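First chain written, first letter: the chains are A, B, C, D, E and F, and each begins at residue 1.
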């Protein structure tokens, strides 16, 4: 369970011997993610996706991002031909759920890999630097780290940054009905660097 | 959040001004329920229903039962033309999730109704005796209360009893590939009475 | 075709050599059921489920009940590794369709098993006592057997009882917006015993 | 219930006050049709469309044909702003189910319209000559009327003809992996004329 | 890309080594078709079928017709155990799209087969006479060839004729809310013969 | 129709008087986008999404990006309460289809807005600088503009940049199984600036 401000996300990792068809007999493993929100995680109740009969575009987009991010920080060959599915379920949401899911998902992944190492199923640690993510944006003209929900929904520019140590894995900045300059982009990157280093410290403590 | 043994269910109640079409302009309210399990609530990971594109038959059956049970313990006219949706999400499952959902769902409903009373939106308390449910079954020839998962999956006869004070709301006993006698049915009913009275004490304490 | 009052249900049994995956190479067979209603079987036309794109919760609940009931009255090992699918299609409905489907479904199952015995495909009769079901309820304060549709829709308590000879397979009693006592439950059980013995006589005559 | 050879189709007509949106406030009515087959209507059990989650292409094609055919034989203005839905459910199939459905569907429509006339809801009879349909085809080089299932599945050319008295409503001739000449087309038309006149006699008798 | 009047259809043929299950190890091949319309191919924008979550009845009907028509003009044994899928996507529509799709689909099929012949994968040409289709109808009392969209939507009788040289593959004539005589049917057939011979000339030129 | 290298995308804009519910009576307009690929636009045939029964995650992600990008370059209040839907259909794909769709989509939007201005339906031009997008990535260690498909599928880092004149609308950089540095990010931004200015020249010429 990761808590960032008032956002609480339950992250678990499940190991399977099977890999997706395109990896069979390649010796490589796979990491994938699924994401969901409880109907009452938000201020007003959301419709349950299982009842609606499909996952919305936002859900699909987020779970692809989580999977891609976690894969960038792991050596799939060293993992061996097995799949780890990371489930991220939002219990309470107050902005930045996708970033909390990536950061907490890495902790779940780290613990699952530790078990494999301890059991001797793998001998080399496939994980590199911790993968962590922060959201930041431009709110009322100012760059702000970790937007909470009221800020997030009014921000003109919204960014998500996924890092693996000093390296970048994913940069997404988007303006809804607005634009931004390259200077502002650099300010947000600086904020992100700072935010991620705090998260990494917490991740290392949780998995020590 | 209700915990019965190792079964943990998160129950919340959401109020809406709208009622289903068949109740519009009748002055009567409605209580409905939705039920879900997190993929990793069970020992081995389950497929996410939102990803499968529909709620399974078991989910639909359970959420109909929860709704029916809670409605039997409330005066819908005194509630007035509003709908309360009770969401029950299983975080961890070890048998008896539907009973835990009903028992915890009533607590969420009680708290939501208390708010309406406090705000003066309704003047008469529409809730009657607490609604609580237990599962029991015949395991290795013996009647047992609160089957945990290993017992549940091997029990020849499986029963769910929903009570509202001394009165019955729902009795379900079913034998998978087996049968039972009327005497056994009465023994299970006795066990259920006993189990429910303990739950009611806990419900009253939680909502005092 | 079974007729109980004005309820007419067409029941057929289809034999397949294949069993569901979890039974392959176990030597055990399986009995499953599907249930449907013609759009005009009820007083006012219902929407066709195939057009709606899915089976409703009620349909799923009923076909699970029929399958579970018929399986409780058959020795799946003696049946051998084959599957029998019982289709129950309601041509005309006037209350108690699920009970009529179980009772008629057993007749179809009996005839299908007779063919297997006659052909020498199985040597021991896997069927035990006939499986039959009745609905009863409390209508206008009185316990009543075989509720017809107008009674059914107004009954405060509605029960379905599935028996296999003197033994019980399934007991379901539920109160919609009401409650019942343990005495009333016992009165309904007595009525059910009586109703089932008449149905069994008819089943044995139809399959003699 | 119409029986043509071993094909049995249950046809019913249901009246509704509502018409589809494109006809609202035009004073014109509508006739539409739905078609279904019971899983065991054929020699070997078919998958239930409600379980499959959608109506197959063949079902959709057939119900469009039935609706179009019945509409061609009725004056929708004289019917007034009401909709009649004709349900055709195949209980037992041995070839030519779509033609039996049209022919039997007209009988159900005729009876429904008679009720409206008797009740004084409409004053002019909107129905013209009976609408009836036959299938014919070229089997083993010979034009044949009313192909039964074994003939149908081997016929090189398969035709369906819908007539309204001496006039044509629909002609469909198709060759699966084969071709036909214009002479053969005319021979089939002659056969169809003859077949339809017998059906019309039966329709008039059934609705007299 | 075929252009008939203002109707433009993009037709492509894709070859696969796999055939449908019912043809495996029979030495026979298969030809199938898929059909789609771009949302803006019509005067006012249509809803995208992928967004609606399913192909409409009209689409399914048309792609079955295209597949059936093309199969009637090819020797599936000479094609050998391979499948050709013909995709017909309507870029701009002004009536007669299904006929344009068949006519253009044959050109794509001819070019794909030519490649197989050139590569020596097959030695006998499996294609017979060109398969071409025209729509005609009765508009304002007059038989008309190649109805454009305004004519088509007001025509009382609408016909599609698929020919393979002098032979017929498919004849479909249907009256929406109207009827026609056998004389009119013959006049339309004459028009169709004439129209198809012009298309065949163009097909042969395009594939020379 | 926009052509960038061997990528061809057909873009059209459709105007509707209706806006989505959340904008009704606000005086503001809306721009939305839909995206599709013809099955044969890629080297080997893709499955048709309408046949699969839903739009894939990639399609949903792309059409949300196109809509968001175009909205950032238009004053929705000046557009007035009307909706413009931009359809982008990929006829032939060789990398960078989402960028081509945005760039071509703006041209379609420009032409649609010109019509509104010419007709006097709006008096102020709601469009700002042209919106254009380029993809670039790091391929074999080198930053490259406009990756074609073979480069794209092997690139370690893949970026999409949407600009509106000198301002940024969206920056997406992602590494699949790899990472990148901040320096590399800046090099890609420089390339993007250069690429977009060429596209803008072409856009202005096409809409002059």
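We adopt the following convention: a residue touches a chain if its C-beta (ideal position, glycine included) is under 8 Å from a C-beta of that chain, and two chains touch if they have at least 3 such contacts.
On a predicted model such as this, the values are computed, not experimentally measured, just so you know.
> Could you give the fewest steps needed to travel from chain A to chain D through chains in contact?
3
> Counting one step per pair of touching chains, how far is chain E from chain B at the shortest?
Counted as steps through touching chains, the separation is 3.
> Compared with chain A, which chain's mean CA position is the farthest off?
So the chain farthest away from chain A turns out to be D.
> For the homomeric pair chain A and chain F, should the interface be classed as same or different, according to whether the shared residue numbers exceed half of all numbers used?
Same; most numbers are used by both chain A and chain F.
> Averaging each chain's C-alpha atoms to get its centre, pick out the one most distant from chain B.
Computed centres place E farthest from chain B.
> Using Cα averages as centroids, what's the distance between chain A and chain E in whole Å?
Chain centroid spacing, chain A to chain E, equals 50 Å.
> For chain C and chain F, what's the span in angstrom between their mean Cα positions?
Here chain C and chain F have centroids separated by 58 Å.
> Which residues does chain B have that touch at least 2 chains other than itself?
54
> Which part of chain E faces chain F closely enough to touch in the complex?
Touching chain F from chain E are residues 10, 12, 14, 16, 34, 36, 38-40, 44-45, 48-55, 59, 85, 87, 89, 91.
> Quick check: in the complex, which residue numbers of chain D touch chain E?
54, 57, 60-61, 64, 68, 71-72, 76, 164, 166-182, 185, 189
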